[in-house]
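Each of the two complexes below includes chain A, the first together with chain B, the second together with chain C.
Up next, the complex of A and B:
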C-alpha cells in the first residue's frame, strides 16, 4: 500500500487524525477501493467516527497487493507524526505512507523543505473491520449548518461538559445542576428538515472533535437524527473526503450514558414543519449500539 | 421573594461580569445578598474557608437599568442566595455581546438565578440563551453571619503598590515558601518577606503613601514602626490574581499579627478581603 499526500492535504489529514483522537485511543486503518478509511471508536462503543479519503485526495494511491488489509494502531503515535499543525503547514511538502507487512509497520515519511526527511515507523496490530451500521437517509430529521454556527453554540458550554442536544441546545450538568439552553432559529441553518418534535441527547465531547475539523476546513456539518436511542450522525463532505461521526443517544429510559462521562446533557429538539409527514423508517434505522463488528 | 434585573448598557454588563469573575477567582461559593439599593457578594470567615472573609458591595444603579426586588418580608426586604460565582461568571461571559441581559430569580428544578439574553445573529431571529445557575436560599436565621464586617482597629493603613507588581513578587515568592509576611508603617513603607531555612527574601516598597485616617490604635504611634501579618501566601495570591482592572484605590490595613485587611475601590464597586494572620 502506498499513499502520497501533498500540499494542503497533509494538514487536512492531520486534522482528521486529531479529530479521531477525541473519540478513541486507537486508529483503525483500512485501505479500500473507494479510498483510505480511518476510523475510531470509544471504549464503550457509544461513539464512532470515520473519515474516508477518496483516491483523488492523494497524489498517489495504491492498495496492498491482492488482499484486504486492515490494522489498528495507537492513535497517539500517529498524532505524534502530525504534531504541530502550524509547522506542518509551513514545512511539509509531502507525506508518504507505506505499508511494510513483513515488519508489521506503517512508515510515515514527511518530506519537508530543504530536503529534510522525517521518517516514522509505526507498528500496527491486525484488527477486525470496524464498521458502524447507520442509515443517514432513513433519519427523520436533518439539518446542515456552517461549522461556525455550531462552534459559536458550543462555546456557551464549559469545556468540561459532556453531553449536547441540538437545535434547542439544552445543557445540564448533573453534579452542579447548572442548565444552559440556547435556541437556534431554523433560518440560521443552511438546510433544516425536522419532522417531529424530537429530543435527542448525546455526548458533547465527541462532537467537539468534529467541530474543530469542520471549522478548519470550512465544511458545513450535516446532522441526522431520529428518536432518542437512535444514533445521531454528523457528517462533513466534500469531493475528496467524507467524515461521519456516529454518536449514541440516550433512549427514554436511560438516565446516564456511562458512570464516568455523564456530566452534561445536550438535548435536541426540533419543531414540526408545516406539511411534514412521518419519516420513512427504512429497513433498520433504530440501532441502539451504533457499532458492530462485521 | 422576587428579583428581576435588566442590564442594557454594554459597559455596565462588562463591569458586572468582571466583578463576578473577580469574586469567582476568590472563592468557590459565596452568598449573593440583594437589597433594594445594593448587591453584595459575601463570604463569611469560617474555618472551612481558612478564616478568610470577603465583602463586595455594588450599587445596583451602577449596573442595572431595571431592578425590582421583593425580599423575604417587608421588614426583612432582602434576599440571600448561596451560589457558585464561577457558574454566574461563565453565564455572563457568554452574553457579553447581547443587546440586553436579564437576571432573575426563578424556580426550575431548584431555585435558580437565571441569566437570559438575546444574542445577535445574521438571520432574522435572535438566538436566545438562558443559563440557570442553581442557588440555595439562605434562611433569615443565618443572616446575622452576613453582616458587613466592621473595619478592625488596625495599626497601620497604607496604599498598596501597583497590584500587578505586587502579584509578580508574590508569584515568585510562592515558589519558595507557603507563608509571607506583609509589614508596613505609617511612613509609606511596605515590605513583603518570606523566610525559610535556606533563604529569606524581602521586597521593599517605598513612598506608597498612607490614607488620611492614618492608623494606630494608640495615638502618637511611631511612624517608622512596622505592623506585620504573616499570612498564607496562596490567599494573597488568589486575591491578586482576581484583580482584573486597575482599581481607583487599593490599600491594606494591618492589625499587628492578627489580620490583613485588603480594600480595593472601583468607581462602581468595592471589595474587602480579610486574611487572618498565622503564627
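Up next, the complex of A and C:
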C-alpha cells in the first residue's frame, strides 16, 4: 500500500485523525478500492466514526497487492506523527504512507521544508473488520447546518457534559443540577426535513470531535436520526472525502442519565456493530453503508 | 553585613571580583539555559565568567559570559572560583519580578570577597535597591571531558529554528536519542525508539538550515534522553547550534545565544554516549 498526500490535504488528514481520537483509542486502517478508510470505535461500542478518503484525495494511491488488508494501531502513535497542526500547513510538503507487511509496520514519511525528512515507523496489529451497519437515507429526520451553527450552540453546554438531546428544533441538556435548553429555528439550517416530533439523546463528547473537524474544513454537517434507540448519524462530505459519526441514542426505556461512565450509559440501544448484542432499533435497516467494502 | 555608608571605592577594595551589568537579564537568561540542577560552579578569569552545571558525571553544561558583556568587570586574581545555589541566584536576579517593560531593567552589581565569603548581589530597579547575599561553597572540580577539536570526527552547524521543531516533537517514551552523522545519506539523523515504533528526523547536508557540514566518517551514537532534555532550554534561546562528536562518541553541543543587547554568548553541553552502537 502506498499513499501520498500533498499540500493542504495533509492537514485535513491530520485533523481527521485527531477527530477520530475523540472517539476511541485505536485507529483502524483499511485501504479499499473506493479509498482509504480510517475508523474508530469507543470502548462501549456505542460510538463509531469513519472517514473515507477517496483515491482522488491522494496524489498517489495504490492498494496492497492482491489481498485485503486491515490493521489497527494506537491512535496516539499516529497523532504524534502530525503533532503541531498549526505548523503542518507551513512546513509539510507531502506525506507518504507506506505499508511494510514483512515488518508489520506502517511508515509515515513527512517531506518538510528546508530539506527536513521526518520518518515514523509505527507498528500495527492485524485486526477484525470494523464496520457499523446504519442507513442514513432511511432515517425519518434530517437536517443540515453549517458547522459554525452547531459549534456556537454546543459551546453553551459545559465541557464536562455527557449527553445532549436533540428535539427537532430544540437542544437541551439533562442533568441532576441543571437543564439547559436551546432552541434553533428551522430556518437556521441549510436543510431541515423533519417528519415527526421526536427527541433523541446521545453523547455530546463524541460529537465534539466531528465539530472540530467540520469547522476547520468548513464543511456543513448533516444529521440523520429516527426514533429513540436508533443511532444518530452525523455526516460531512465533499468530493474527496466522507466522514460519518454514528452515535447510539438512549431508547425509551433508558431515562436515567448515568454520569460517571460510558459503559453503563448506553444500555439497550448501545450496540451498533454486527455480531454484538442485538440493537434496539425499529424496522430492519437497509445495508447502505458508504464505509463498508463492496 | 549592614548596608555600608562608606564610599563605593572603599567597599570595592575588599572584593576580589566585581561584575556589573546594566541589565541583569543578560546574565539570568543565559543561566536559565543551564539551570537543570541546583548547584553551579562559577569560574571567573580576566576573560569573563564561566558557569558550570553537571549531572551524574555524564552531562556538563557551561555558560560563557565574556568580559565585554559586562559594564564593569574587575578581577584581582587570575582565577576566582566558588559554588552557589543556582536556583537561589536566579530567584535573586529576578527579585523585581522580571518584567519586560521597555526601558525598565534590573541593574546588577555582583561582588565577591573571596573564599569563605558570600556572593553579594546589589540589584536596582527604578531607584529601589535590594542587597542579596548568597552563601558560597568550595567549588567542585568540573569534569574534564577531554573533548578537543583535534579529536572531532563529525561536525555540523544548524540554524536552531529547525532543530527546535524536531526537539519539541521527540518521542519521550524513547530512553535514548540516537544521533547519526555521516558523509552520505542520511547525513544528519536524530532517532528515537519509543513505545509505538521508531522515528527519524533527517537533515540533508544541502538543507538551507545547514550552515556547516563536515562529516568524515559515519558515526552512530546513543545518548540518554533524560540527559539531553535540559538542552532544549539552551536550544530555545539560541539562533545557531553546532553538533560535534569525537572518536569516543562524546557529544558536544554549542549554542550561540544573543542577549537583549544583541551581544553573543555561548552555552555548551557535553554528554557521554550511552553505549557502543554498531553501525546499522
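The rule is simple: the second predicted complex is superposed on the first by the 246 of 294 C-alpha atoms of A that agree within 3 Å, B and C clash if a C-alpha of one lies under 4 Å from a C-alpha of the other, contacts with A are read in each partner's own complex, and residues count from 1 in each chain.
What we mean here is this: a residue touches a chain if its C-beta (ideal position, glycine included) is under 8 Å from a C-beta of that chain, and two chains touch if they have at least 3 such contacts.
In this text, all values refer to a predicted model and were calculated from it rather than measured experimentally.
Novice: Once chain A of both complexes is superposed, is A:188 in touch with chain B (first), chain C (second), both, or neither?
Specialist: Touch partner of A:188: chain B, not chain C.
Novice: What is the contact status of A:59 with respect to chain B (first) and chain C (second): first, second, both, or neither?
Specialist: The answer is neither, since A:59 touches no partner chain.
Novice: Determine, under the contact definition given at the top, whether A:84 touches first (chain B), second (chain C), both, or neither.
Specialist: After superposing on A, A:84 lies in contact with chain C but is clear of chain B.
Novice: Would you sort A:116 into first (chain B), second (chain C), both or neither based on which partner it touches?
Specialist: second
Novice: Quick one: classify A:76 as touching chain B (first), chain C (second), both or neither.
Specialist: Only chain C; A:76 stays clear of chain B.
Novice: In the overlay, answer first, second, both or neither for which of chain B and chain C A:129 touches.
Specialist: It touches nothing on chain B or chain C.
Novice: Under the stated touch criterion, name the partner, chain B or chain C, that contacts more residues in chain A.
Specialist: Here the partner covering more residues of chain A is C.
Novice: Residue overlap on chain A between the chain B contact set and the chain C contact set?
Specialist: none
Novice: Using the touch definition up top, name the residues of chain A that touch chain C in the complex.
Specialist: Where chain A meets chain C, its residues are 73-74, 76-77, 80, 83-84, 87, 91, 105, 114-123.
Novice: Give the list of chain B residues in touch with chain A in this complex.
Specialist: The contact residues of chain B facing chain A are 84, 87, 90-91, 94, 108-110, 112, 121-125, 127-134.
Novice: Quick one: which bits of chain A touch chain B in the complex? Just the residue numbers, please.
Specialist: 155-156, 158, 176-185, 187-188
Novice: Hey, which residues of chain C end up touching chain A in the complex?
Specialist: 162, 165-166, 168-169, 171, 186, 195-204, 206-210
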